[in-house]
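The two complexes that follow have subunit A in common; it is paired with subunit B in the first and with subunit C in the second.
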Partner chain A sequence: MKQRLEKLVERFGIPRLIIMAFVLALFILGSLTGLSTAQLLSASLVRFGMNGVLVLAMVPTITCGVGLNFGLPVGVLCGLVGALISMQLELKGFVGFISAILFSLPLAAIFGWLYGWLLNRVRGQEMMVGTYVGFSSVAFMCIFWLLAPFDNPELIWAIGGQGLRYTLTLDNHFGKVLNEFLLLKIGDLEIPFGLVGAFLLLCLLSQLFLRTKVGLAMQAAGDNPRFARAAGIDVPRMRSLGAMLSTILGAVGIIIYAQSYGFLQLYMAPLMMAFPAVAAILIGGASLARATVGHVILGTFLFQTLLTIALPVTSHIIGGDISEVARLIVSNGMILYALTRAGGGR
Partner chain B sequence: MAQALRMQSITKKYYGTTVLKDVSLEVDQGEIHALVGENGAGKSTLMNVLFGMPVIHQTGGYEGEVYIGGQQVDILTPADAMALGIGMVHQEFMLIPGFTVTENIKLNREKSRPSLLSRFFGKSLEILDMEDMARDSRAALDKLGVGIEEWLPVAGLPVGYMQFVEIAREIDKENVRLLVFDEPTAVLTESEAELFLAAIKKLAQSGMAILFISHRLDEVVAVADRITVLRDGEVVGRLSREEAHLDRIAELMVGRRIERPSLPPRAKEPSDDDIILDIRDLMVDMPGERLNGLNLAIRRGEIIGLGGLAGHGKVAVANGIMGLHPAAGEVLKDGQPLPLNDPAEVLRQGLAFVSEDRRGTGLLLGDSIEHNIVFTSLQAQDRFLKEGFLPGSMLKLQDSAQIRKHALQMIKELDIRCRGPEQPVRTLSGGNQQKVCLARALTLSPEILFASEPTRGIDVGAKSLVLDLLVEFNRRMNMTVVITSSELAELRQICDRIAIIYQGRLVGILEPDAPDVEYGLMMAGGKRAGVS
Partner chain C sequence: MKGETALQPGGIGASTPLSLLKRNAVPVLFAVLCALGVLLAEIDPLFLANEIISRLARNSFLILSLLIPVSAGLGLNFAIVIGAMAGQVAVITITHYKIRGLAGLLWAMAGSVPLAVVMGYLAGLVLNRAKGREMITSMILGFFVNGLYQLVFLFLVGTVIPMKNRSMMLPGGVGLRNTVDLYPIAQVLDKLWRINLGGVRIPMATLLLAGALCAAIHYLMRTRLGQQMRAVGQDRHIAAVAGIDVDRTRIIAMILSTVLAAWGQLIFLQNISTLNTYNSHEQVGTFAIAALLVGGATARRATIWQAMLGLLLFHTLFVVSPLAGQAIVGIPQIGEYFRVFVAYGVIGVALALHAWQSRS
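Our next item is the complex of A and B:
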């Protein structure tokens, strides 16, 4: 019995157990202090759905052997450009949302492939190089936002009329379209089936992809490149493909994120986008070499729930806001923990 | 002459397997003593005992005694060995390229004089006495009779000179009485080797005892005063300079009566009229196993063995043809050129490979048995797939039911001992892992199967099973099998012909029942008249 319990703990991983216990404790604390558990849960579900795809974007790179995609801002930027084009063309509602995704796809494919090409040149340093690719592309795009030929008055600075604004509201475009689609209300509890469903659908597609011929080839390329080569697989190509898929998911992810948030954030906002996603998948039990869709779902849920309920609960108890601090400690601590342990949980 | 080293009745077991049995060895001062034997004969183990390597003591130590200069000693660590005046010249160079010859020779034994800082902060801040160090280095190099300038940086020196620097470092140590050379000439060119042999002769004349481990029998005969031959962990011959003939040593080294089991007959014996694979001037850039222009014609339906000593390129043949290491040259299959450096195409053309690097290249260790078995076939031949949710062959889904069925059949046919097809291959024994590799190759239904070191690292029972399987593939499916092995005995058991590779080239092809002498000589690079 004791042995079986130990085995269970080992399989599940101690960090996950601690975080779960912590989340549970926060919920209990929250209800004790009179906060509505239903509201906390609703908010958590929204956060879960809006961040999930960005976390899912980590799976292709880990699978193909590139590691965690710290260069996620590349995908995020492509998504932002897609969304801006859709807004410039005054496309509204679902049409605007879908067209934003469609506009961003070719961009994400091209830049993702280039990013993969670069990563193939720096084997063994992918995560370090990816981090700086992300940082420098964000900086570069700051110039682009100023010079880009968008002239929809809603998008550009009101005074002067040159350059895009810092934060663009999506209210008149595709804000909340997915959040309000198939929204189920039971008393205080709101379940955003549309948003969560869209995320789970993408998870399912990813899972199916991993069982296709090319998906299997990608896993082998990540697992054991020499084995893959012996089986006739073009390993660098698989790695490029992984980076490309991750970038595409990053683009789709930010559009879903933005519609839920209600705003499009430009300039320096995408800079740190990769870190919460990385932390979430690691909390879910992924390692630098292995990640499954299950890790994504569990990790996103735990991480986002933690952040969502920590804010009201702590501010209620302490009277101040330590959620931002907690977020930084948890996310960066988790990344540090995973980087020092190459193995990771299964 | 005074005795420098005596190893008396050394016996060493690794986990119940005896690797050295009652081995005795004596080296006198001023003598060059050669130790020869095939790969795996026990030479390295004996040297590990002499140097007190941790691997010996972690596995239960050894039996027998070691005497240095007539005194019985216990050598428990490499530091003990060094303190007793035993020097070792490594096979790989342990030199720092950016340092000069002097700095390398004196590394960690620098001469220094006090400085202002060292008065306060201790000896590690003393100033190096470069002049004194250079003088010592010069003396050591002169002792070897080589004219390398001691101030040159090591980077850029010819390989042979690096070897000399390595030796100079050893003889510069004041107390060194016995020098051990492990395959020192393996990386040298012929003229460098000559220089080297002259140098060690000079060293021996100055009174140094030298233990010389080599595969090159001609060198051994040329310089050694006495020769000890090891085979399967036993001393099978002690020869003095007068008795030492190439033929005699070669025979002792290889010598074992091979019982060749009667193999099943074939409808049609393979012959030179029907060549399936014609290898012409194949060059393969595989680190440590370079192939420099191999010509070999492989007959359809035969089992051909590739033999030769480690480092001479025999394993590069399969790795090069399968596209795993950069290759150049020409390979014709059924008269049509086979593309080199394109693993996918080679697999499609009906060639399969069981790698010598089982855990590295051969398996997805964390993955299940069934995936390992079907993976290559699925990728290269589009088998075990079903229509997916999107068109396109790359997006076809794996057909789990078909995979399971095939895996179960293979597990039964090849007798893979496991809990089931989902067991990760990491948890299988070496022999069963090798069977999974063979099952994968078999799943490809290849015309030609390359099996590199198929029995390496697996136990005796599994060895014969693996060999039997290869014979069965050959006879039942008329599969042409190319086996690369360091164990000549197993090649001679099942092969129709055995090609011996030396320094990246073919020296000759022997019948399995050819005399031991011929094998020994060919593996040492000697060509003989009358060899087919």
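Our next item is the complex of A and C:
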């Protein structure tokens, strides 16, 4: 019995148990101090749906053997451009939301493929190169935001400034369209079925894709590249495809994130976006070499719940906002844990 | 060092001018960029010289702290931010105890050593568990320790750690202010011996200290320990077969780097004279590494000369690019974003080339 329990703990992973216990403790503390559990849960669900797709973007790169996609900002930037085109054309509501995604898809496909091409040439250093490809493209796009030919007065500085604003409000465009779609209210509890449903639908599609012939070939390329090549699989092509899919999911992810947040953040805002997503999937149980859709769902839920409820609960108790510091420690601690495990789970 | 270049693929036939240019493509490109910027923005040479000399002096220690881990095969040590944080802890302490002048700086340098040694040791242990992924791990480690640093100075100071100092702390009595005025040690090292050469103020003491460090590193690489580090850097497995304790050597390299980074940050801060409690250290690693790479170094090979050349070129570009952005397009922010792009881009390109070459 003891052995079985130990085995179960080992399989589940100690960091995940600690984080789960922490989340549970925060919930209990919250209800003891008189905060509404239903409200905490509602806020957590929104954050879960808001961030989920960005975490899902890690699955294709891990599956195809590239590893954690620290170059996620590449996809995020494509999504931002798509959203800006939709806003420039004054498309509103669901039409604006869908068209933002459609505009960003070709961009994400092209840049994702190029990113994958680069990653194939730097095998063994994908994470480091990916990080700096992400960072430098964010800095490059800052120059683009200053010079881009957008002229909708809502997007650019009214007077005295040059280029796009730092933060664009989506109220008149597609802000909260998914959040308010199929929103169910039971007392204090609000369940955003539209938002969470969209995320789960994308999870389901990813799962189905992994079962197709191409998906299986991608998994084989990631598990054992030599064996895969012997079996006639074009391994570099599969890796490029993984990077491309991840970039596309990153683009879709940021549009869903922005509509939920209500604002589009440009300039240096996307710089660090990869790290919380990486941390979330690792908290869910993924390693550098293996990730499933289940890891995405569990990890996003745990991590986002932790961050959402840490703020009201701790500010109630110690009177300060510790959530930003907690995010830094938990997410980077989790990434460190994954990087230093023997062979990184490979 | 000369014997080593012959081992490099580009070192063969290095005598022709074309191959020399090819080998030094990165510094040459940046020199051209800097020259173009200076010409287009019509910068006052005196202003430029003053700016660059002071930047060269205050950043030299930080960039030199990167050299030892590179030679020990750990790659570019993004974790020097941890050393910088150790230096900041020391400087906060001496400001709290109101130790002034050169004595204050010396106390801070001495006080940062134990913390930097412990942190460097721990960083070395972590990196030994992540062989082959040292750079990304050192970067994440820097972020992680930054989280701990913020936890200490935002929440623990004034609650768990007893500290009462109105001028340094937030009005609530918990946590440190965003900026700490370092007037007690403001430019004490720079002012110690500063000469004025036709309007250019040269902080001789700071530069001499950096020169002494160069000599010390040069000497270290010729000692038994230095030879062991180079052997580990060339090939871990062969070094282990030769009886070198690989893990221990790598930990020593990390400790030395962290201590030097702590001192480097102190020298940097005495020149700036203000501590941004929560941001001063964040970009230390990125900028030092970008400067080193601009000088033509790689993740496997970096010399003192490359460090100095890189410092000169990178900081010239840093000063020039906003002014050039203003002069060319009329938008100074373009130049500011451009230099951020250059810092990140040069690291990305250098790492990509490094991985590309080490594969083929």
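In this text, the second predicted complex is superposed on the first by the 338 of 346 C-alpha atoms of A that agree within 3 Å, B and C clash if a C-alpha of one lies under 4 Å from a C-alpha of the other, contacts with A are read in each partner's own complex, and residues count from 1 in each chain.
FYI, a residue touches a chain if its C-beta (ideal position, glycine included) is under 8 Å from a C-beta of that chain, and two chains touch if they have at least 3 such contacts.
Here the structure is a predicted model, which is why all the values come from computation and not from measurement.
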| When the two structures are overlaid on chain A, which partner does A:Asn224 contact: first (subunit B), second (subunit C), both, or neither? | first
| message | According to the stated criteria, A:Ile233 is in contact with first (subunit B), second (subunit C), both, or neither; which is it? | response | first
Of subunit B and subunit C, the partner touching more residues of subunit A is C
*asked:* A:Lys2 in the overlay: touching subunit B, subunit C, both, or neither? Say first, second, both or neither.
replied: neither
| Touch check for A:Lys185: first (subunit B), second (subunit C), both, or neither? | neither
Is A:Leu208 touching the first partner subunit B, the second partner subunit C, both, or neither of them? first
Contacts of subunit A common to subunit B and subunit C in the A-superposed view none
Subunit A partner, complex, touching residues on subunit B are 322-324, 343-348, 353, 355, 357, 360-367, 371, 375-376, 378-380, 382, 385, 388-389, 393-398
Note: in the complex, subunit A contacts subunit C through residues 70, 118, 121-125, 127-129, 131-133, 135-136, 138-140, 142-143, 146-147, 162-163, 275, 318-320, 322, 324-325, 328-329, 332-333, 335-336, 339-340, 342, 344
Counting only contacts in the complex, subunit A reaches subunit B at residues 208-209, 211-214, 216-217, 220, 223-224, 226-227, 229-234, 290
Interface with subunit A, subunit C side, in the complex: residues 126, 129-130, 132-133, 135-137, 139-141, 143-144, 146-148, 150-151, 154-155, 159, 172, 174-175, 329, 331, 333-334, 337-338, 340-341, 343-345, 347-348, 351-352, 354-356, 358-359
